[in-house]
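Below you'll find the structure I mean.
Chains: A, B, C, D, E, F, G, H, I and J, in written order; residue numbering restarts at 1 for each.
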Amino acid sequence: MNREVCTAMVIEAKQEKQITYQYIAQAINRNIVWTTSAILGQNTFDATEAKIICEILNLDTDVEKALQIFPEKGVNAVMPPTDPLIYRLYEIVLVYGETIKEVIHEKAGDGIMSAIDFTMDIEKEENPKGDRIKIILDGKFLAYKKW
Amino acid sequence: MNREVCTAMVIEAKQEKQITYQYIAQAINRNIVWTTSAILGQNTFDATEAKIICEILNLDTDVEKALQIFPEKGVNAVMPPTDPLIYRLYEIVLVYGETIKEVIHEKAGDGIMSAIDFTMDIEKEENPKGDRIKIILDGKFLAYKKW
Amino acid sequence: MNREVCTAMVIEAKQEKQITYQYIAQAINRNIVWTTSAILGQNTFDATEAKIICEILNLDTDVEKALQIFPEKGVNAVMPPTDPLIYRLYEIVLVYGETIKEVIHEKAGDGIMSAIDFTMDIEKEENPKGDRIKIILDGKFLAYKKW
Amino acid sequence: MNREVCTAMVIEAKQEKQITYQYIAQAINRNIVWTTSAILGQNTFDATEAKIICEILNLDTDVEKALQIFPEKGVNAVMPPTDPLIYRLYEIVLVYGETIKEVIHEKAGDGIMSAIDFTMDIEKEENPKGDRIKIILDGKFLAYKKW
Amino acid sequence: MNREVCTAMVIEAKQEKQITYQYIAQAINRNIVWTTSAILGQNTFDATEAKIICEILNLDTDVEKALQIFPEKGVNAVMPPTDPLIYRLYEIVLVYGETIKEVIHEKAGDGIMSAIDFTMDIEKEENPKGDRIKIILDGKFLAYKKW
Amino acid sequence: MNREVCTAMVIEAKQEKQITYQYIAQAINRNIVWTTSAILGQNTFDATEAKIICEILNLDTDVEKALQIFPEKGVNAVMPPTDPLIYRLYEIVLVYGETIKEVIHEKAGDGIMSAIDFTMDIEKEENPKGDRIKIILDGKFLAYKKW
Amino acid sequence: MNREVCTAMVIEAKQEKQITYQYIAQAINRNIVWTTSAILGQNTFDATEAKIICEILNLDTDVEKALQIFPEKGVNAVMPPTDPLIYRLYEIVLVYGETIKEVIHEKAGDGIMSAIDFTMDIEKEENPKGDRIKIILDGKFLAYKKW
Amino acid sequence: MNREVCTAMVIEAKQEKQITYQYIAQAINRNIVWTTSAILGQNTFDATEAKIICEILNLDTDVEKALQIFPEKGVNAVMPPTDPLIYRLYEIVLVYGETIKEVIHEKAGDGIMSAIDFTMDIEKEENPKGDRIKIILDGKFLAYKKW
Amino acid sequence: MNREVCTAMVIEAKQEKQITYQYIAQAINRNIVWTTSAILGQNTFDATEAKIICEILNLDTDVEKALQIFPEKGVNAVMPPTDPLIYRLYEIVLVYGETIKEVIHEKAGDGIMSAIDFTMDIEKEENPKGDRIKIILDGKFLAYKKW
Amino acid sequence: MNREVCTAMVIEAKQEKQITYQYIAQAINRNIVWTTSAILGQNTFDATEAKIICEILNLDTDVEKALQIFPEKGVNAVMPPTDPLIYRLYEIVLVYGETIKEVIHEKAGDGIMSAIDFTMDIEKEENPKGDRIKIILDGKFLAYKKW
């Protein structure tokens, strides 16, 4: 079973059983963001995690194995994104990308924020003027090597 | 004077005088991220802010006026970004865009995180295993209106 | 059942039964534009609306559930549009986009018209020189936040 | 003088003299939207209109002549738009284009809304929950000819 | 039955029965160009036309209904065209587009040739130096409206 | 002098002197369409033609020589065209390209209409229901060679 | 049977029976290059040729008919080519295209080399320093018509 | 002096002095195709060749040095080409690329024709039915290495 | 059986049997990099190699034959790559491509590094500061031929 | 002085003085590859390095300062590359990208080779069958973080 078929089966089972990403994340003791990304085929579950998920969703060992394949990342993303929610993130890169570069260089010197040694957190913050979404990107600073 | 010429003049003056974005931000009592974006022509200074900046950088009233023009945003951005630092942000949208959509919908329902009613903060966090960069995106949740 | 299959089934049933978008809109007490967009998978029905639609079109509960999924918006759109009707809308953005930006800024200051807190109406206006189509876009003005 | 140089000169003079599009529109007895589009080089002034504008802005006859050239439309537009305000219009075509096609066909049959025999109006509507922008597109319905 | 399946069935039946576009056009009393375009899913047959075509080609009522759907135009076109015959038309737009614009403006003023209120004729002209193809495009002149 | 500078000078002189393409075409005894295309740098004048044009427009021998350079064709065309007039031609290829291919093959067999051994005529036809534009494309039929 | 299915069937049969393009070319008395292109769906066999090919490959009359359809050319080509062999040809156009234009104009005047009244030959030339491939393109010179 | 300025100066001098590529090629004892490509900045002259060319065209030592820079190849090419002459070459790759791949593999096995260890010749062949252009591409066969 | 189906079957069998690329490479006495590329359909196995592989993976003679087809290279690659691992390689070309060109020219003169007469090696190097990956590209230097 | 002007001045001075990249690299005690990349504006010199380079090339302090700006990387790269030398590198990613991904995952697990904590070496290896170029890419293995 390839990873795309596996992803479709997990999502269908999850919808049918009305199980949340949060529930699965807690069951495997991981953050909801990482768990969701791994379900969507952007990260890799280990054997234990895959087993728990297949038990929760009542899926067989083919799915369990496929969840452990190192996936081809990003292949189904549409760029520029057409979905308004995802486009807003793209727009932030478009409008503020250069700004972020300048501020990181001023604060930390010549290097980048890693997207590999990286975590992300997403929170909803209640607010009388309208709730807010907070996305926290946290990546290791990698200095450009000179040689 | 159009906004692009104005931006180039401010950056040149800033480099020559060795003044940081942080210094300018404090002088106008704004966050460094917003201030940098406005210098780079992605946001608009008001009259008072423009005046202070031109005093700091010793620039004339043409620049002061041009800093108050509502800019054409994002026009000089290269997409996909070629600079590794900016590309990593793009890659996060590519790899995690769908994940962010799913998590926001699960936490807040059918809507988006605004990129207009929006603030961003960037911090360097010292860490013995290697310093880390934290980027906090904070936008109003806007529910899709039904009619 | 994923949203695309669901959309195809609703449209087929609608064609077979010769039912108009207007009829469905009235049955669920919504505007024809919003209703059509939701049938085409660009907005989300709630449980009550989905139930009514499936009764009208004689479709089963799988469709009913799928109509309530938060959809991936815009993914099937062709840009630039090849269909002349849709291209004319694109052309209006191409030719008048900058004009609309200038006029909104002059009338309301630095901000945008929301496409989320947004409604649209479409009317045919009879006219002896040739009928006219009126499309009314109505979105909340969102000022750019400074921080 | 070509039309692009002419446009830049009119905009610079307009900014310097702090004259609004509305003021110019009233002086030539036209709608602000059409007037703005013609200043931006997307429509053509007649001799009388061009003369009045050059008097208001104190520009010479070269500009006056150039304002009467039939322009090359849309050439400077960036598509997809990078500016958030203009992008929201593009997003409306992306998300609702098919919807508009279906609704026009249901209301008026097989044809299109003209973007040539066409007018547009933009209004700001004050609202205690936040002001709103209304854009009214009004084009002749053109039926596809059969032959 | 959607329009694409319908198109494929009509073309297959037409090839099998060795029936020409010209024959079908005469049967429904339309020009061969319009008839061919409608068979290829770029225009819409009315009920009478659809019935005649299905009788000629021995196709059932599902096809008959589908031939009356208002089609999504141009979606299968490859641009730039790869087929040499179609590319030559594209090349004419590429090389002579600006010329056509200038000549129409000089002859008829500020406006366009409609592609909706439009007919086309294609003729083969025998010639001892080599036969020639004549394509006659005939569209209504639409003046740009001022408002 | 390269061909682009030459084109700009001819057009400027033509505008200043208020001379039509038709007038120049008659002076050199050519069709207005061909003459316009050659002025716009898409075809080549011979020495006699170049001389007459420079006399009419009062331009020097540098221009005269440059008008005889074999030009790089199509390089300034924007595809897809943004100008509505030129876009309508592109749309005809998009919507009717396949139709034209089918009709030419049915009428003349396996080959193409040449865009090199080719002439074009443009006429305005007065009509009480609205004037019409007629564009006649006339190219040699070239059969695909088998070898 | 459409042309793509037909092509796939011919190639599969050819591989299974281990028959070369050269063998088929000789059987129908055509050049190997033309024969290969026609098998790949870029040229059209006549009835006699199609019959011989189907006899050699033991294919039925559906294939025989489909081999005589005038094909849609070039639709499956990937541009820029990803295959190194085909890319080298593309690179020759990229690097030497302008050179070829200049040399043809110097040798033959203002016109082009036809790709329709055109033949191609491919030869392997043994050489002790490494064998060489020779591709001979031979097309009719078509002068640009003036009118 | 960079290579682009150098190219422009050589071409201008060549046009002014009415010197052919053939004449220059003979003066440096090279093929006209290679010579033209090197003048256009796609190949490199050695010191002796550069000197002869600058003497012929009466250009100074800056040009002489610049003609010896290893150029950035292909950067000014427009792909797909807009000029009909160059497009026909591109079309040959589009339509016959796969054919050439198949024939080379059948004749010489798994490898490519080099575009580096490569020569090209262009000839005009007089013919009563219309002159023909012959382009002979001749490249070393490079087998894919296995390791 | 075409090459894509064949590739999918080999990979599925390899996953099921938990066999490494290294194991297969040793069985056929080839480098792991070349072996992996050939399994992925980017290089060609000879008859002996194909036989061994099918024995190891328990696949039938259809696969064995298909593994010997000269493949269409690169067709499934996504460019720019979306997978972070592959993107980093692309980024190296983006950022260091010009550098590599300059250094090769300085060290070896006017020519290129072949990607056909070419081998690659990939090694993991253990390192207390974090393991490293070494990719060694080794291609024949091909001088540009002059003629 | 911005970084692009600075780069152009350094390269011009280097050409004029006939100084090699190797010579400059040794003067600042860095590898030729890194030094070349930094001269071309893809890496950053420190104050000492910038000073030495400006002394060697006889350039003033404006250049010295500009060499220390953190550059915008990759902005002038053409992708896909048109220059054959750089294209071959791109082709290696196109053809072997997936292979490299598979081999790295098999050897080191789920992660990537860093292009930031990264060095490159380029060597010419003399060989009687034709000299070879060796490019050694050496990057830290970064495992995907789970959280």
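Keep in mind that, in the parts below, a contact is a pair of C-beta atoms (placed from the backbone, for glycine too) under 8 Å apart; a residue touches a chain by one contact, two chains touch by 3 or more.
This one's a predicted model, so the numbers in the text were calculated from it and none came from an experiment.
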Key: Angle of the C-alpha superposing rotation, subunit E to subunit I, to the nearest 5 degrees   = 145
Ask   = If you average the CA atoms of subunit A and of subunit G, how far apart do the two points sit, in angstrom?
value = 48
Message = Rounded to a whole Å, what is the gap between the Cα centroids of subunit C and subunit F?
response = 42
Query = In whole angstrom, what separates the CA-based centres of subunit A and subunit I?
reply = 29
Task = Mind checking the centre-to-centre distance between subunit E and subunit F? Centres are C-alpha means, answer in whole Å.
result = 24
Residue list for subunit C, restricted to those that touch at least two other chains = 33, 73-74, 77, 80, 82-84, 91, 94-95, 105, 111-112, 114-118, 120, 142
Query = Every touching chain pair, please?
reply = A-B, A-C, A-D, A-I, A-J, B-C, B-D, B-I, B-J, C-D, C-E, C-F, D-E, D-F, E-F, E-G, E-H, F-G, F-H, G-H, G-I, G-J, H-I, H-J, I-J
Ask   = What residues of subunit H sit close enough to touch subunit J in their complex?
value = 65, 69, 72-75, 77, 115-116
Key: For the subunit D and subunit A complex, residues of the former touching the latter   = 80, 82, 84, 87, 91, 94-95
Inquiry  = So in the complex, the part of subunit J that touches subunit A is made up of which residues?
reply    = 30-31, 33-34, 43-44, 70, 105, 110-112, 114, 116-120, 142-147
Message = So in the complex, the part of subunit D that touches subunit C is made up of which residues?
response = 20-22, 32-33, 36-37, 40, 42, 73-74, 76-77, 79-81, 83-86, 88-108, 111-115, 117-118, 120, 122-125, 129-142
Key: Residues on subunit F engaged by subunit D in the complex (per definition of touch)   = 8, 15, 78, 82-84
